[in-house]
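A short write-up of the structure that comes next.
Chain IDs A, B, C and D follow the sequence of writing; residue 1 opens each chain.
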Amino acid sequence: METKYFKSLEEIKLDTRQKDNVPAGDKQFILEMQEEVKQATTASRRDFLKVFGFTVASAAIASSCEQPVRKAIPFLVQPEEMIPGKANYYASTFFDGVDYCPVLVKVRDGRPIKIEGNKLSSMTQGATNARTQASVLGLYDDARYKNPSLKGTGISWEEADKQIVEQLEAVKAKGGKIVILSTTVISPSTKAAISKFLEAYPGEHVQYDVLSSSAMREANQMNFGEAFIPSYNFGKADLIVSFDADFLGSWLSPIEFTKQYSKNRKLTDGQRKMSRHIHFEGNLSVTGSNADKRIQLRPSREKATIASLLIQLRSLNGESVASSVNVSADIKALAEELNNNKGTSLVVAGSNDVDTQLMVNAINQLLGNYGSTIRTDVHLKLRQGDDKAMAKLIDEMNKGQVDALFAWDVNPLYDYPEAAKFNAGLAKVGLKVAMPVYRDETASAFDFICPDNHYLESWNDAEAKTGYFTLAQPAIRPIFTTRAAQESFLKWAGHETDFRTFVQKNWEENIYSQSESFENFTAFWNHKLHDGVYESGASENAVSAFDPTPSMNALGNVKESSSDGIELVVYANVGVGTGKQANNPWLQELPDPISKACWDNYVSISPKLADELGLEDEDIVKVGETGPLPVLIQPGQEYKTIAVALGYGRSNAGVPANGVGQNAFPLIAMSNGHKQFTIADVSLTKLDGTYPVARTQTHHSMEGREIIRETTLESYLENPESGNEVREEIKKHLKTLYPKREFDGFHWGMAIDLSSCTGCNACVVACSAENNVPVVGKEQVRKAREMHWIRIDRYYTGDVDNPEIVRQPVMCQHCDNAPCENVCPVAATTHSNEGLNQMAYNRCIGTRYCNNNCPYKVRRFNFFDYNGADAMKGNLKDPAEMATSLRRLVLNPDVTVRAKGVIEKCSFCVQRIQEKKLVAKTENRQLVDGEVVPACAQACPAEAIVFGNLNDPNSKVSKYFASERNYHLLEELHTLPSVGYLTKVKNTTV
Amino acid sequence: MNKYITAYYTDENDLIKGVKQIREKGHNILDVFTPFPVHGLDVALGMRRSRLTRVAFGGGAVGAIVGFGFQAWVFTKAYPLNFGGKPYLSVPSFIPVTFELAVLLAAFSMVIAFFIHFKLGPGAKTVVYDERCTDDRFLVLIDAENAEADEVKKIEKALSDAGAEGITYKE
Amino acid sequence: MQVLKVSLTKNRNISVMENNTFTLTKKLITICVAMIAVGIIAIAIGFATGVSGTRIVANLHLNNYYFVGMGLIGLFFVAVHAIAESGWQVSMQRIGEAMSVFIPVGGLLMLLVFLFGGMHALFEWTHEDHLDAILLKKVAFLNQPFFYIRFVVYFSGWILLAHLIRKTSRKLDLNGDVHYFNQLRKFSAIYVVFLAITSSTSAWDWLMSIDAHWFSTLYGWYVLSSMLVSGFSMIVIILFILKRMGYMSHVNNEHIHDMGKYMFGLSIFWAYLWFSQYMLIWYANIPEETIYFYERIKYFDTVFYLNLILNFAIPFLLLMARNSKRVFWILIPVAVVIFIGHWLDLYQLIMPGVVGQAEAGIGIVEIGTTIGYLGLFMLVVFYGLTKSSLVPKNHPFYKESLEYHTNY
Amino acid sequence: MYVSPIREPLIRGEKTYSQVTKDILAPMAGKPSKFWYMGITLAGIALLFGAWATYQTVYYGIGTWGLNKTVGWGWGITNFVWWVGIGHAGTFISAILLLFRQKWRTSINRSAEAMTLIAIACAGFFPLIHMGRLLLGFFIFPYPNTRALWVNFNSPLLWDVFAISTYFAVSLVFWYVGLVPDLGTVRDKAKGKIRKAIYGFLSFGWTGSAKHWSRHETISLILAGLAAPLVLSVHTIVSFDFATSVIPGWHTTIFPPYFVSGAVFSGFAMVLTLLIVARKALNLEEYITVNHIESMNKVIILTGSIVGIAYITEFFIAWYSGVEYEQYAFINRATGPYAWAYWIMMTCNVVTPQLFWFKKIRTSLVATFIISIFVNIGMWFERFVIVVTSLHRDFLPSSWTMYKPSLVEVGLYVGTFGLFFTLFLLFIRVFPVIAIAEVKSVLKSSGENQKHAHHE
């Protein structure tokens, strides 16, 4: 294979799910890049862009009907396994120090264009979250460091290597301290590579977690004698009690937890029980919004509450404790309930406070949850960071004790609470090497910038939990002149080996031995690389027996809090999260599942407190020294608890991210050496003026309409139709003046289980990625012009101070009696003979009549030229820089990029339907139920979305439609939607 | 036409009386030019009822049939599409266009027929006998092409008896 | 119009060629009474042959409404022309005035039907124990006391204004003072406004609330248009009868032409409203609305389509030509078709909701009762005609009407 | 034909036929007045503003407007319906009043029809400019094409295309057919050769022949007969744009007749606004008398009251329906964030025209002028209320939004005013503003001098 550009492909087996069914004759159409591609082996940035000229052109052709075909050059030699117009899927692993997800990377004509969950992983089972879905766009982030540099001047890798090694040698010679500062490393091979480096240059590896769980590690150290994080199984827990642990959003391993959590709460397939989830928190989190019972709790009261629960539980078990802590009636009831669920309950706390975690451990111990819902023999490895080690490092730096610092994929100058201290210390470090993936605030303060590959360009492996191995393989050759950090470490340590070989060797030596069923390593390797997943079933050495003493000591220390001030919670939301991918326009435009705000962070404040302080939405305030921040009144927020999202206020991340929101990391306090994400007694100062916040939903009540139908588990078990009684009544009256159309063959339909949807927004990003949905920027969102084809409506019900939250994903309902189709004057939107409501973009003249007439308001209009597809030039409206030639590479060539003035909407991923139909046809068989999966359903970690053929009575979607819980949105209008919703069932006793 | 006699009235009632008288005397009035439509003049001149109404009816009928037929053809034969589950032959939807085309064709066929019939149109040749015909005079025109001199006299006499003014004989 | 303070008595000397007083002959009375007898016998036969009470009540309700409507439109004919200050119709405005005499008679009959079992048979919403959620929402409007209050308001308004208009018209005839003409215009204006509102509200009360779940904003106007066509056609029929009896010889082709144009135009207007209502409901296909047409098309298809043919196709095609509007031998058959057609229109408004497809039908009872009502109506109208001169000779526009000629 | 002496004369002053000709042609002769120049300058500026807004819209997109995902139509369609409505007066006056033999129409029908045509042109601009892809707007015509794709005959917007273009075409023909004899008069009165030639060309060879007149009357009458249902159909079909939908506040069966009535209402108001100024500026007070104004005011009361009854009917039936969406839509109109628009509409359309029940007010030019402007405003708000308040809060509260127009939208509206007045000012210079022949034809029966003659 001469074309180095596709070098990664030669080793990779084609995904068997993507059988090559194209007749040989068709391959003559295969396009190829010529000369330039071969020259690109030296791969400077300019060369790269030349090479990409072809791809850009093809993307442009694919994405714009009005752009002329410039030049199509056939492949001189066709790369194996690459068939133009056909996607290949490669198994890989996404881990950026926060989120972990085994994935499949969809590669089209050499470009990774979509991330999907890998179903083979038993840990995530195909689940993804928004950031995983969005990560593919990070690959095409133009702001990334494109080549090594020294003090801002670009240098070659050879030069960088030479100088760094020289300096390392010097440090080593004088016995100076060398430190590698990285995020949590879950890759065994990377750890091996780092060890190799540390062998060559003795030093220290400090792992630093932005969302730290170091207190939990410390607590476990005290209780079990080992600093670790156990693995949790929310799927086995019938009663979940969470103290501010946002386990569906940001706590430890949310993708995995969402999967487990939702599986145990499904009432489909005849399941008649679901877990009960009780949530204590001050801020209204995604997880809290899903709880069966959500109890508002001031962060400062959390410790005492947990203590009271522990006391009560102990007293129930005959072990009394003397304590000044009061036990409320609620807690008594809760303790009773927990006590009845011994071994099938799970109590978690999100706090990064050792005493809290110690008490929670004691509770779980008391309830016998260790060994059932919590395993200590399988460790969750995603949070290995130690706040104390980090603090120590900074101390040492400030003392001038650190001579060489390698900051790999960390951004402490942005996200460490005491960034100034770090900065001061940094000045005293001799050799400063930053190895960032994305442009950030930290790297620019370092002398050397040795940019790391994006994960889609890299080899890697991971062990997220003990024995749960996954592999990562590049889906594209590095776009810029970047190099895998591991390769850099190896190189500097004197090992001239590429990381692929290193990983392979590491697996052969350390992991293969654990497996028996393969004849040799190559077979094993090829198989595991294809699957991307290897689960050995290994477990850790047994930890020592639970030592309750530290927990009891902690309990003894607890005092009732008397704090009366305003308390602050800083949190990572489901989109921007910790800000690592802040430069990702998809994530910036992703509305928060609770507030529905995007493109900013803000201060969430309870209605009562806002009233007291005379604050209204969009007033600006200062929290401590951070601000100005806009205020959003957030029902459900504890009276005196305010919250600010992390991840915003980036100053050096790239155009979409820079200057968006304010950095809330400096608000984080340190307590006992651990970062505290809740801060008591913060000052809230009102400033003059207002600041506009863009929200995709501005009305929050259902106005008493039957939009989301709800019931309780109790009523459901009595009568499966409960909450949905109105449907029978409506059905009786569904008379029509013309007969209902029958569809022979397929009749596509979708069912959405409202009980399952957690509001994680993965579907929204997946849909944007799959369907080339434009990002329109804050100003346009504020004008209510966001383009998302799928949205998750969120309504508050009940009390304004402590409302219940219900949500509902809404996309085009593909009505069989679609009001929109009737009114299009040019027949641009019609009904297909498979029941799809289809849009012919080329035919659309943009009257917006269909949109007006859509009762669900799911149609979206291209108000401006958001992507350069317009025939007129110079009128591009692209504040998020989505239409740069680089970012355009993420476009899905199977989906038309819509021009200015055109209506667009959900197509049920018709391109996927067609693709699978073709596959079935070439294989001369019927389509199998579940074969066609739209992007949203694929992305959903909760499996809330089911898609299939309504004409097949045995399809899953037909069964859902037949369920007593099923109803259609606004069905009384007789629009005959092809989307069904299953009633939301809450496990409450009320 | 080279020879003719003109005379005018200044009041439409006189005109009608005059015209009746002249016609009673057996003189053939070729035309009358008036500044506005004079009520009853068509009866006085013995004109037939207009057949333009039939043209309008024909145009309207064609418009309606073609309009409805075309829509039905498009929706059932040429390119049947499923719009919101409506039947292909969605008759109520076809009514507005059918109606508009009927009216359009009725109006245009009639007006065009009118202009063609009278050879009126942009830049049509205009024979103005008296410029005040479009102002305040009611001009009676009698053909004298083949009239003998005494015939002309008779006509002039009849005109003057009928109260006409400005009797002129042109050769 | 600035009113000239001149007595217009000088117009009086216009010669009237025929008898200006209508005499109610024995023969006429006999015919009318015979017709009434047919009606009573038909009802009796109905009871005897086991026709359900509901059907008979519905049938009575239909005729009550139909002929009260005729009376209202008769008065409307007088009033609307008075306020429009048009002159041509003056010579036949007595017919309209006479028709209005039926209003109290019809009102009384309607009240009797309501009081004696009609409410329960006709209106589902009176079944107070069995109201569903939607009907419960409407109780503030659909309750019997309020219903009767509205009934009284409508009829007292109509009867009072009819009385005032007739009285003023007669006074005007006696001395021709323009003052009375102005008064007539004032009462007419009040009546037109009052009718504009009450025609809709009464249609909601007496017709739309039969299908109590269903609603349509156009309904009132649709019913009014139906009333207008049938009422104007009735004027033509009465005019024809009077002419056959030797009265009204001054009414010439031009007047008849105008009445023909009304019948033609109003039939199109009715069809326009019918189409508007039907098409909009058909198009949106929202079940809460479609149920109405669904029942009618499915179970009353003959009446449903006949309604369109009799009330639109036939008047439209037959009255399109100018000449057909000027001759009685076309106009009268069309007027009769319209009379039957709009009776059928009311039939399909009322019967599906009250009687239902199983029992409903047009038989001896329906035809007989209608003949009976027609007899009663005619008798009342003829009686009304005797109350004043047949031609209002002192009306300021009387001469205009007499010298009426137009070429279109 | 006999006319009762108690009827007021329609034309004041002792007029002879030639005096009528002279009076009506006077505004066309000589140099335009200072006011005319001022008017055309202002109109031109407005037109330029509109041109800028058009450029913004076409080049940058509909995004330059204030619309959003929920409110897909705003000022654009409001203006469209408003202008179409105004464009109903002319044809209503010349067709329906002709059928009802209302002689007072003769003094005003010409200018009202011209206003109609111009208003329709202004109206037609909005459906075009509101399209996202104006340059592909020709897709809307059912022309044969290689994709064998036709149009959607189910779409009320398509019906609009047929209705508006038919209406414009038939109105234009109707207007011009009526204009032809007058152009003959202009030709015969013209002094200059060029002028004579031009009007000779335009007058289609009209001589005033009795045969021509007879058939001319026939076609005028048939055209009136055709235009009468046509004028009803146009606003009916415009109302279908809304009423066929499922949106509460849009889908209501009363819309067709109520829209027609509203259209005539607003059209008459606009005619009044224009004529009260024009009769003074053009010295035509003896032709367009207080009588005419009063007659028009009566039409305003009639149509205004119908509109008022329709408002109340809609509101009542929305409650009566028991449908929560319907009920909310109307409660939202009256009390929601756009309640101010609703109450402006109610005040201007329902309350102010009722003042015309008082003879003093309906015969007062000043009062009429003010009320006519109120009605214009009210009717604009009616459409705004229907379009925007229905859309901004429909079925799913999650999608509820607010709508605020942008400067570009204002520009487009102002621009059509520019167009309207430019064309109207040109019209009064180029064509006789009153139908000369028609006025002459009623002069005998309804002129002041003749009336006196009858009275001895």
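The definition used in the following text is that a residue touches a chain if its C-beta (ideal position, glycine included) is under 8 Å from a C-beta of that chain, and two chains touch if they have at least 3 such contacts.
Just so we're clear, the structure is a prediction, and the values are computed from it rather than from any experiment.
J.: Which chain lies at the heart of the structure, taking centres as C-alpha averages?
T.: Of the chains present, the most centrally placed is D.
J.: Write down the chain pair with more C-beta contact pairs when A-C is set against B-C.
T.: A-C
J.: Please compute the C-alpha centroid of chain A, do the same for chain C, then give the distance between them in whole Å.
T.: Roughly 72 Å separates the two chain centres.
J.: Take the average of all CA coordinates in chain B, do the same for chain C, and state the distance between these two points in whole angstrom.
T.: Centre separation, chain B to chain C: 41 Å.
J.: Using the average of all C-alpha atoms in each chain as its centre, how far is it in Å between chain B and chain D?
T.: One centre to the other, that is 29 Å.
J.: Distance-wise, how many Å sit between the C-alpha centres of chain A and chain B, to the nearest whole number?
T.: Going by mean C-alpha positions, chain A sits 80 Å from chain B.
J.: In chain D, which residues are in touch with two or more of the other chains?
T.: Residues 1, 149-152, 154, 156, 158, 217, 229, 240, 244-246 of chain D each touch two or more of the other chains.
J.: What are the residue numbers in chain A that touch two or more other chains?
T.: Residue numbers touching two or more other chains: 738, 817, 819, 822, 824, 827, 973.
J.: Hunt down the residues of chain C that sit against at least two other chains at once, touch-wise.
T.: 279, 281-284, 286, 288, 407
J.: Which of line, ring, star, complete or other matches the graph of chains that touch?
T.: The chain contacts form a complete graph, every chain touching every other.
J.: Across the complex, what residues on chain C touch chain B?
T.: Going through chain C, the ones touching chain B are 275, 278-279, 282-283, 320, 322, 407.
J.: Would you mind writing out the residues of chain A in touch with chain D in their complex?
T.: Chain A residues touching chain D: 697-705, 707, 780, 783-786, 791, 793-795, 810, 819, 822-827, 843-849, 851-853, 855-857, 859-865, 870-872, 875, 877, 899-903, 969-970, 973, 975.
J.: Which chain D residues qualify as touching chain A in the complex?
T.: Those in contact with chain A are residues 59-63, 66-70, 72-73, 127, 130-137, 139-140, 149-152, 154-158, 161, 241, 244-247, 324-325, 328, 391, 393-402.
J.: Residue numbers of chain C touching chain D in their complex, please.
T.: Residues in contact with chain D: 1-4, 6, 8, 85, 87, 133-135, 137-138, 141, 178, 181, 193, 196-197, 200, 204, 213, 215-221, 261, 268, 272-273, 276-277, 279-281, 283-284, 286, 288, 396-397, 399-400, 402-403, 405-408.
J.: Note which residues of chain C are touching chain A in the complex, please.
T.: Spelled out, the residues of chain C in touch with chain A are 281-288, 290-291, 293-294, 297.
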